Structures are given as structure tokens and as C-alpha cells.
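There are two complexes below, and they share subunit A, which is joined by subunit B in the first and by subunit C in the second.
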Partner chain A sequence: MSVKLQIFEYNGSALVAMVGKNCFAIASDRRLGVQLQTVATDFQRIFKIHGKLFIGLSGLASDAQTLYQRLVFRHKLYELREERDMKPETFASLVSAILYEKRFGPYFIQPVIAGLGDEDKPFICTMDSIGAKELAKDFVVAGTASESLYGACESMFKPDMEAEELFETISQALLSSVDRDCLSGWGGHVYLVTPTEVTEKILKGRMD
Partner chain B sequence: MSELAGTIPGKGGFSFDLCRRNDMLVSKGLKPPSFLKTGTTIVGLIFQDGVILGADTRATEGPIVADKNCEKIHYMAPNIYCCGAGTAADTEAVTDMVSSQLKLHRYHTGRESRVVTALTLLKSHLFSYQGHVSAALVLGGVDVTGPHLHTIYPHGSTDTLPFATMGSGSLAAMAIFESKYREGLTRDEGVKLVAEAICSGIFNDLGSGSNVDICVITKGKQEYLRNYLLPNPRTYVSEKGYTFSKKTEVLFTKITPLRELVEVIEAGDAMEE
Partner chain C sequence: MESVFGLVGKDFAIVVADSSAVHSILVHKTNEDKIMVLDSHKLMGASGETGDRAQFTEYIQKNVALYQFRNGIPLTTSATANFTRGELATALRKNPYMVNIILAGYDKETGPSLYYIDYIASLHKLDKAAFGYGSYFALSMMDRHFRKDMTVEEAIELVDKCIVEIRSRLVVAPPNFVIKIVDKDGAREYAWRQSIKDGQVLAA
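After this line comes the complex of A and B, so read on.
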């Protein structure tokens, strides 16, 4: 008797991005599974597009990697033509268009985009699998642990947090939410981006 | 070389190359993914000087509220706006597409866009996809021929009405309109009636919620009143907020300073004669 195939729960994932004062943080879990079996505990879900723009891809891992390669390709073409980096708003529209193109045979992913735009103003957004953009001023979540993440972020978030406090808040929200989800966890991976530097931290979490 | 061709940006329109793989997965027992829907209450009415459109601001993903303050009143032309219900990606994509087509049409003809133009473009697109593009729209605007209000259904049929409601909260909103609407409303009466209809949807329909957005379109002027009413403020915010006494345990830290972009301005050499 096989488990009914739920495509978004095939690999398991948890992604969250939060806005702070002139900075943002994007965090993910590190588990890669094949339904209930864990295959890797150091899986990369958040990818850098350019110094101040990151995209996290939750859902089916193979589609996430394929889509990431297509997006990097499109961004490199853009950089060659325009001789500058893409703004996060533009990049979000690009991702939305690429996903909507596959409206009737979609990629099984949910992206979370976070970046610093003009004058280093933080920008975050998420989309469903066919590119419906959802901009938010506070936080966005995606993945199998999204319902717990909504609850944790809704209560722990405060506007205009400084980098240190933002890191603490996003880490606690991520770790407490993945503890309530079997399919994600095994540590956390947080990128904290301010106008001057990018801090990458790996969190210690429950390994179950 | 043929693989490369697939990744170069195409001419637009839908691409069906993942359909075969997805159908194979469905035959293996896959449940298709749920898309972001705008459960919604959207309304429109015609008053003495023009058209008023209203919408709630909740976007749902199954039973979860994904966005508490999304925008459902989309810009089509300076004198035409469109509210969208159904699958969020479809309403956004179809209204953006027709908005661009209207702009090109304005450049071509040199005239202000007419509501029936937007109507025809939308209905022919939706009909050609036989209802698979799930967008239910309330289109309203004021052009040279006067104020117009239309509803467009996902299969491509349209209605022209003096007042209209769409979405999961349409019955709640229509109840308010049917009892209180009359011809020749003033601007303030119209706005009050639209707000009341949307509130009826927000409080009685589970798929609609949060705030009320209103757009008033009159000849030569439009007012987009984003978050006109906020009847659901968050009242349980703790003043202190959360403080974490125990710091998160970090296994590894890597700090990458962001390089300052240096502008190199080369002094131009004079061209040799």
C-alpha cells in the first residue's frame, strides 16, 4: 500500500524571509528527503542571484534546481545587456512570468525572493506555483512547514528590527516551526543581508 | 544546440513542455497542487457621475490566509479599472496583458481607451482558453460614451449591469445592493453602499476578509482609495514583543562584505581625423 503522492511534500522544505530595518533575512531548513526517508542533511535551498538578491525555492527539489539554473541564465544575460544587477522587483516579475508560462503544466515549486532594492530598501515576496506574486512588508513563508511558520512569524515578528534581533527572531521562528513538521528540519541555514555585508549562518537544530 | 533553444526567452504565450511529465505523475496518484485563490468579494456600481468598484483584500491558499492585504483592483487604463476573483495568477496575468494591449491601442489610435475594448479583449482571451484560465472579473470605467460596468465569467460570457457582484462573497454583497441600490446615487452615497456591500462579504463569507479597497472613476478623474476601511485591525499585539533569552546555537558563520561598485569613467579620446 503506497502513500498517495503529494508532490509538494515529496522532498519537504521550510522557507521564511523577514524584513528588518534596512536589512532582510532569508532562512531555510537543510533536509532533503524522499517522502519519509532522509537523503541529505545539508541541502541548499537558498541561492544567490547577485550580492543583494537571494531566492529560496521550496517544493520539488529537481524543479527547484532546474528553475534556479534558468533564472541564473536569465540574470546573467540581463547583466551582460544592461551592465548592472537586476532590481528585486524586476526579478520577481521575471520569476512570475517564467512560472505563469507553465500555467497548465507547472513547476512544482514555491519561490521566496528577498533583496535590497533602490536605496537599500528591503524587498520580499513569495509566489504560488503559477506565479501569483504576493508582496509583503513583514514576512513571507513557503514549504511544508508553512502553516506553523505563519503562526510563529505572526506572533514573533516586530517591525524595524536591527540585524542582530532579526537574526534571532527568524531563527527562532524557523526552528520552532520545523520542529512541528516531520518533513523539514535537520538544522537551519540563515542569510542575513545588510547594505554592507552578507552573513551566512548555519543553525543547530533537532536532527529528527 | 536544440537544448539551448528551449531556455532562450520565447515569443510569449503558454509553454506546455512539462505537461507530459505532470500527467505521468497524476497517473501515479499525484494530487495536483492548489493555487493561490482570491476567495473574494468584488463589487461595482454605477452612480450619477461614473463607476465605483470595491474589493476585499484576502488571498487564500486552501484554508490558509496567504495574504492579508492583497490588491484585487487592477489598473487597465487611466479611466478603466478591473476587479479580479478566482485564481490569483490568472487574474493578474490577464489584466496585465490586456492593460498592455490597451496601451498599445491608445498609441495606435491616439484616443482614450473604451471599456468595451477592454471587455472584448478579455472575453475573447478567456473564451479561447475555454474556462481553464480561471478569472472572474468586474470591469468598470468611464469613457466618451459614458460610464460602463460589466462582469466577465471564466468561460468568456459577459453581462452589462448597473450594479454587479462576483466571487465567493457575491451573494452577501448582492443582498446589500438589491435592498439599497437606486439610480442616481451621489458619490458619497455610492461609496458608502459599496463599502457596506464589501463589509457584508468580509464578515459573512469565509473566503473574504481583511480590508476594503475602493476605486471611484468619473469623467477625467479616478481615485484609488487603497484600504479605505480597515474593519479588522490586529488588537492583540503585545507591547513588549518576544525577547529570546537563550541565543540560537550557531554552528558556522561566514561573513562576506559586499563590494562597493566602482564607477570607471574613461576619458574619451578624441577621434582621429
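After this line comes the complex of A and C, so read on.
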């Protein structure tokens, strides 16, 4: 089917990260599409860099896979040299630098980074496809459903939520937003990270 | 537009491709084999630009063989899929290959697997996949009738259902299809589904 090619909307995606009390949650949808056709309903958009650092990559799936491989490579080298994990702030600067390297031929990606930094202080940020960082204290969103996500998060978010309440809030925000976007959805994937554990949950939403 | 589709069964995977070689309004031949046998236990069905398809699949086949010569053991299906994706991704911003690939393989440790790799190098492991205009019909038929762990007979029944849909509902439907299968005994041609044979004289 011939639809005008919008490269950021080619595969469809929805990503959100939220800060809670000494914890954070990062969530994504599960659809992989080729414009109007759905190819897979179990696509992984959020990747673990280390135990307390996650990155979600929205936008073109191919570039998400390429960029993820490059970032894992860089982090593994860093770990070997420094003998420690990267801080989230450092990692965000690394991603920003890698994206700006391709300033005049960019990766068609919008990353969402979430991690626990020094003293397990939650850190979230997003950036555009050429690495302009946007730090936030409450939530960050990305993807084809980002506008709906902004609205849902703004109304549902409260500061200093505990882990269970944060999980409920981020899940409801994600599911209600992707239901208004035809290019994202087919369930949700939520990672809840506290200083002691990481919980991964699959959400069942409208499968359409 | 070329149709390629595939699915995974109990201990096997099947790849099906149409076999028309078309240039604008002219059908050059109707028995073109678009499913390359990469090695003893891997199949690569490809659709897209004719030259790119032939060149790229042959390039992958030769690199898979080279790995086996150098290292003494064959690549796994997953490694082959990731290698293929890497080649497509590297070429993407220089001289892209306009080829969509369905890679099916059988590994002793992990069993059968199927990988969907599109021309912009998005990779995903799936149980059923399809490319081309025929995908609109094949995917719908597979969504309706596919079950996990089907036998070869059940899978071929489903493949035939998909072929019937493509033939009856696609305006420029390809007349002939080739079916290849890969299981523990290897990758081989399973059958052809031909409604027009090359050299056949059709009555007016």
C-alpha cells in the first residue's frame, strides 16, 4: 500500500519513563509494524544496559537495533576500562554524543533513558534524534503516541509515588495513550526498578 | 510484486515464494527460484529488486560457507540472521539492498526458527511472516489457521490455503509457487505449485 513515507512513524512506537520515590519505571508498547501492517506483537523496545540503567529506543526499528548494539559495545568497553557501571548521566551524554556524530545523516531514533544514579537517585531523560537532551524530574515520553502520552502522564502523575502505585500509573498512562494511536499498542512492557530489584511485567491491553 | 512467506511447525520451518520473474508488464519466466539454500540447514527466501536479491543472497550464502571453512562448525540460524541484518544495515546508508528476507533454519540445540528481515534491516524472530502484496492475504490466513507445533501435513494445508487466497484475490497474482522445507534432515525443496508451466502452450 502506498502511504507517504514518514520515517519516524514507519514502525510505530510508544515509550514512557516515570520517576517515583527512590525508584523509576520505564514502559513501552509491543507492536512492530510496517506502516499500516502489523508484523509482530512482541517487539522489544526497552533494553538493559546494566542492572540500574535502561534505555528505550523509539522510531525506526532498524536504527534502534543498530544503536543498541553500538551502545552495548561502548558500555562493555567502559566497564572493562573503569571496572564499574556507567552512571545514567554519563550514559545520557554518551548517547547524545553518538547521535550528534550523525548530525547530517541521523539515526531516526528518539531515546528514553532511565536509571538509578548516585545514592540510587532516579534519573530520566529523553532526547531528539540529534542528541538534544531533555532532563525531567517527573516523566518523559517518546514515539508516535507521544502527544497522547504527554496528556495522560500530566494528569495521572504525582510526585514521590511508591513502586506499586508508580507501576499502576505508568501502565494506565501507556495503555490509554496507545489506544488513541493506531501505530502503537498490542500490549505493554513495563520495567519497575528499585535499588534492590527489577520487575518486568507484560500488560494486556486492546489488541488492535 | 513478489510474495514470500514462511512459518514454523513442530520440528521444521517452511518458506514459500512465488516464482515469477517480472519486468514491468512482461513476465520473463515463471519458474524462478527465490529461495536460496544457504547451507545444509538454512533457507533464505528473498523478495525485492531482482539484481539485489540474486547478488545479496549469494553473498550471504558464500559468507556462511566461509565461516564454516574457517571455523569448522556451521553458523547458527540466529547468527546468520544477525550477520545478514548487519550487512543490510551497513549498506543502508551507502548503497541499500532493496531485498526483504525470510530466513528459516534448523539448529540441533534450539530446533526450527524463522527470522523476518526487511530491506531497512529490521530484524525480528517470528513464528509466521510474509512480504509483498501477497502478505496481506497470507498473514490473515496464517493468523486464522496457524497453531504452534503443526505437523508437516497441516502446515502444507495452511500454505496451500494462503496460495489459493493470493491467486484468487491479488490482481496480478503470480501463477506459480515454490515451497521449501528445513528440518533435522536438512534444507530441501518440498514442492512446486504450478498453474502455468514454462513452455506450456495455452489454448486461446
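Assume the second predicted complex is superposed on the first by the 207 of 208 C-alpha atoms of A that agree within 3 Å, B and C clash if a C-alpha of one lies under 4 Å from a C-alpha of the other, contacts with A are read in each partner's own complex, and residues count from 1 in each chain.
Criterion: contacts are C-beta pairs under 8 Å (C-beta built on N, C-alpha and C of every residue); 3 or more make two chains touch, one makes a residue touch a chain.
Computed from a predicted structure; not experimentally measured.
Novice: Once the shared chain is lined up, is A:Ser62 touching subunit B (first), subunit C (second), both, or neither of them?
Specialist: second
Novice: Thinking of the overlay built on chain A, is A:Tyr150 touched by subunit B (first), by subunit C (second), by both, or by neither?
Specialist: Touch partner of A:Tyr150: subunit B, not subunit C.
Novice: As a test of reading the superposition: which chain, subunit B or subunit C, is in touch with more residues of subunit A?
Specialist: Answer, by number of touched residues of subunit A: B.
Novice: In the superposed arrangement, does A:Val39 touch subunit B (first), subunit C (second), both or neither?
Specialist: Once the two structures are laid over each other on A, A:Val39 reaches subunit C alone.
Novice: If you stack the two complexes on chain A, which partner ends up touching A:Ile130: first (subunit B), second (subunit C), both, or neither?
Specialist: A:Ile130 sits against subunit B, while subunit C stays out of touch.
Novice: Would you sort A:Gly105 into first (subunit B), second (subunit C), both or neither based on which partner it touches?
Specialist: both
Novice: Scan A:Glu162 for contacts with subunit B and subunit C and give back first, second, both or neither.
Specialist: Neither partner.
Novice: Is A:Gly51 in contact with subunit B, with subunit C, with both, or with neither (first, second, both, neither)?
Specialist: first
Novice: According to the stated criteria, A:Glu200 is in contact with first (subunit B), second (subunit C), both, or neither; which is it?
Specialist: A:Glu200 sits against subunit B, while subunit C stays out of touch.
Novice: In the superposed view, which residues of subunit A touch subunit B and also subunit C?
Specialist: 105.
Novice: Would you tell me which residues of subunit A are touching subunit B in their complex?
Specialist: Residues of subunit A touching subunit B: 2, 4-8, 51-52, 70, 73-74, 96, 99-108, 127-134, 136, 146-147, 150, 155-156, 158, 167-169, 171-172, 175, 187, 195-204.
Novice: Residue numbers of subunit C touching subunit A in their complex, please.
Specialist: Going through subunit C, the ones touching subunit A are 85, 89, 92-93, 116, 118, 120-124, 126, 129, 135-136, 139.
Novice: So in the complex, which bits of subunit A are touching subunit C?
Specialist: Within the complex, subunit A contacts subunit C at residues 10-11, 32, 34, 37, 39-40, 43, 60-62, 65-66, 105.
Novice: Enumerate the contact residues on subunit B facing subunit A in the complex.
Specialist: Residue list for subunit B touching subunit A: 7, 9-10, 13-22, 25, 28-31, 33, 35-36, 59, 61, 64, 66-67, 70, 87-90, 92-93, 132-133, 241-242, 244, 247-259.
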